[in-house]
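Some structures are shown below for you to check.
Common to both upcoming complexes is subunit A, partnered first by subunit B, then by subunit C.
Here is the complex of A and B:
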């Protein structure tokens, strides 16, 4: 099974208790900061800060490793490929055939690799500490209409179910001598159709049942919704939101108003 | 038993099923939720191990095209975009989620609009898939190059993978749409 890992883990750190809206804001501001920074040292500092936050989420080593494996693969790819396409600047470090590898290009490659590392890791802070329920709740608080929020919450709930459906149909078709692991990519994909058709038909039947269930539970009966779990901004959340904004604003003002190279 | 008819100008009780268009209908909520979940699940589960593409190759594309071609552009844009973005979030590559939302959403929208022209003839299917796929590849390329700052090289290196994914996803998606319509004739009307 090439399945996925539930990134969220139930803990009681201050990051878990934060309002999901604040965490979304922090993801946006930190990404924006990574976007405007241009010096490798400040980007490394930012990456270290994000990794510190990631350590504070108290997630298991296995999850952190899963996350970082992906990020590091990307960073290496960028560091290696960048100088091959960017041949400006001097001095030339060495040449491979017609390609000149120049020193500024290598630095630029490393810088963007670190920047991409920041973009990638900042999402793990959100995903490690926010349950799917809170995420949807945060989005509805931000103005997503509740019917779309409901659809989103239902779909989160059904992803593992359909994952299991796919697995069992795959096994059933394998028992009928379907080959999914051999042959060319094209052949494998075409063989997958025999798995996907039953899956989709099953899912659409589920959708039919689901709509009956929604109707029987008085979906949309009243215009004003009440919620079992209310998300409220406490003083701590306002402080965290202010910090998240300052993390972006201070370097931005320093760069664009005072002309500091960061 | 007498049913009270609300008088002119009187506020009607807000109950669904009385022609109140305040909410999207429960059928739509259920269908969109299921299609979104299916897109995400298939994206996460059917990663076809294939060495040259570092294992990113998946059939999620097929579900985007399937939703768009079977249920129209709205389903394609919402379910394709949101489902693929959720798969990115859960799969652990959250930095692609905004790009994916835009790219796959546009893909679903375009292939839904073009692919269902002329009553969904095969030619329209092909045109829809080609145009939608072109949008997706372009948006991914531009976003990786300019916004995420991958640089030109890695962004170009992604293009062949994406094109292969669209080609295979489009074929599988249209086959799916055709077979599922055969299995459930009441669909997509």
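Here is the complex of A and C:
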């Protein structure tokens, strides 16, 4: 699971330099666009645009493949399962026993799959180009309370640490001749109590220590704290924000005002 | 590599042959380790952080499996046996006791290991009581292990492993975070276990412990064994130790400084230094 936590890679691309708030805005407008588009061709075009952006993040092929693997699996699943449950429309392409697979349902399945692909992939662009710290800074700038932002940043930070702790705890119990994954479901769930209790205890001890270290570093001493890295919107960010809005508004106006089928 | 003075004979409880291990991240942690541990030995594995000590130790009970090379436990290949099966022979005490304690009482905690071995209730009870007794925990056996001090929690974690009566006991940095009194009490108990026939593998940074307890020292650097000798031999070459990010114990360093007045360089304990200084001819 830690693979998901280090999606970000330090690069110096145009997307990396953008203000995190602009990137969040773009994720929202592109997702909204994916939501309103109903023609598979327009959605495929949007997906191609998102993949182009992803190529511009300068992330390694390996990382992109790791990320897209999950999206593709999900898309295949939707395409295959949709026609099994949605049996409306004609013509019937073929029948599997009592199941009629209809052509419109196959198209609807594929369309939904591409839509979901757009939703998922656009988030990856944000994760590829924005460090967790910048993301949290962006959110606090948007009005999230700093302490909530800090809590969010700390939880991101500790996910891999806890992954390692849990591995170590599992090893410690296995060294006491416990076969964690053997026996009935009931037996196995009982075995995992031996992992759960030390994990919770370690988490509480860590949280307690962390609160002490935060306090000893003057956390909460003044109401208005300052930041090492100020996030500030530059001209480039305003242009990007405008583009992000237009990407949604132009098709939306075309569809709802002029009645264009997109 | 300096060959081990006593080559692994038929008595060896653990035997590693050209063991290599690479982590998923691509880091090679062990680059071909050959090691044979005889029954009843008190072996210390020392080395800087990241030298591969813990990785090596985790191969001894199957927690890690070698990328290549093979491991024999009591003469039989470890590769075909699970960690649980190997745990009967090789007990492994983790550095952080909080990573294993989960029971309501010390008694239950110590009985957990033996009951995993499928022993009858009387035998489990007997082994748990014996382990609690050896580790000096009788006065706290009804208490929650989590409410105890770190020194006592560590003893509980050791008791819970020795209750399985393994022939080999691997201890990963057992004295970290303990005060001098707790550490010395703990080490006396470990010595007692060794005298009763247990083979001890001690992973540590503290050269004083090594000098006072171990009868064989394996120095690791960069995933390889760079020295395998008795404690005196190991500390006689401070240059090699320094290149492995280690220092001999202060008393040995002092003896090295006093060498010009005729003090022997292979002093390991304060008592030995006093003996050196008070015997005729020196001083």
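Heads up, the rule we're going with is that the second predicted complex is superposed on the first by the 247 of 262 C-alpha atoms of A that agree within 3 Å, B and C clash if a C-alpha of one lies under 4 Å from a C-alpha of the other, contacts with A are read in each partner's own complex, and residues count from 1 in each chain.
Note that contacts are C-beta pairs under 8 Å (C-beta built on N, C-alpha and C of every residue); 3 or more make two chains touch, one makes a residue touch a chain.
What you see is a predicted model; the values in this text were computed from it and never measured.
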| task | Check whether A:173 is in contact with subunit B, with subunit C, with both or with neither, and answer first, second, both or neither. | result | second
The chain contacting more residues of subunit A, comparing subunit B with subunit C, is B
Applying the document's definition of touch, where does A:127 land relative to subunit B and subunit C: first, second, both, or neither? first
Using the touch definition from the top, say if A:142 reaches subunit B (first), subunit C (second), both or neither.
-> neither
### Query
Thinking of the overlay built on chain A, is A:197 touched by subunit B (first), by subunit C (second), by both, or by neither?
both
Subunit B versus subunit C as contact partner of A:260, first or second or both or neither = neither
Check: subunit A residues flagged as touching subunit B and also subunit C 165, 193, 196-197, 201
The residues of subunit A that touch subunit C in their complex are 165, 168-169, 171-179, 193-194, 196-198, 201-202, 205
Subunit B partner, complex, touching residues on subunit A are 1-7, 31, 35, 66-67, 70, 73, 77-78, 81-82, 84-86, 108-109, 112, 115-116, 119-120, 122-124, 126-127, 147-148, 150-152, 154-163, 165-167, 181, 185-186, 188-190, 192-193, 195-197, 199-201, 203-204, 206-208, 210-211, 214-215, 218-223
Subunit B residues touching subunit A in their complex are 14-17, 20, 22-24, 26-27, 29-38, 40-42, 44-50, 54, 57, 59, 62, 66, 82-83, 86, 89-95, 97, 147-154, 156-157, 164, 168, 171-172, 175-176, 179-180, 183-184, 187
So, in the complex, the side of subunit C touching subunit A is made of residues 58, 61, 63, 82-85, 87-88, 91-92, 94, 96, 98-102, 112-113, 116-117, 146, 160-161, 164
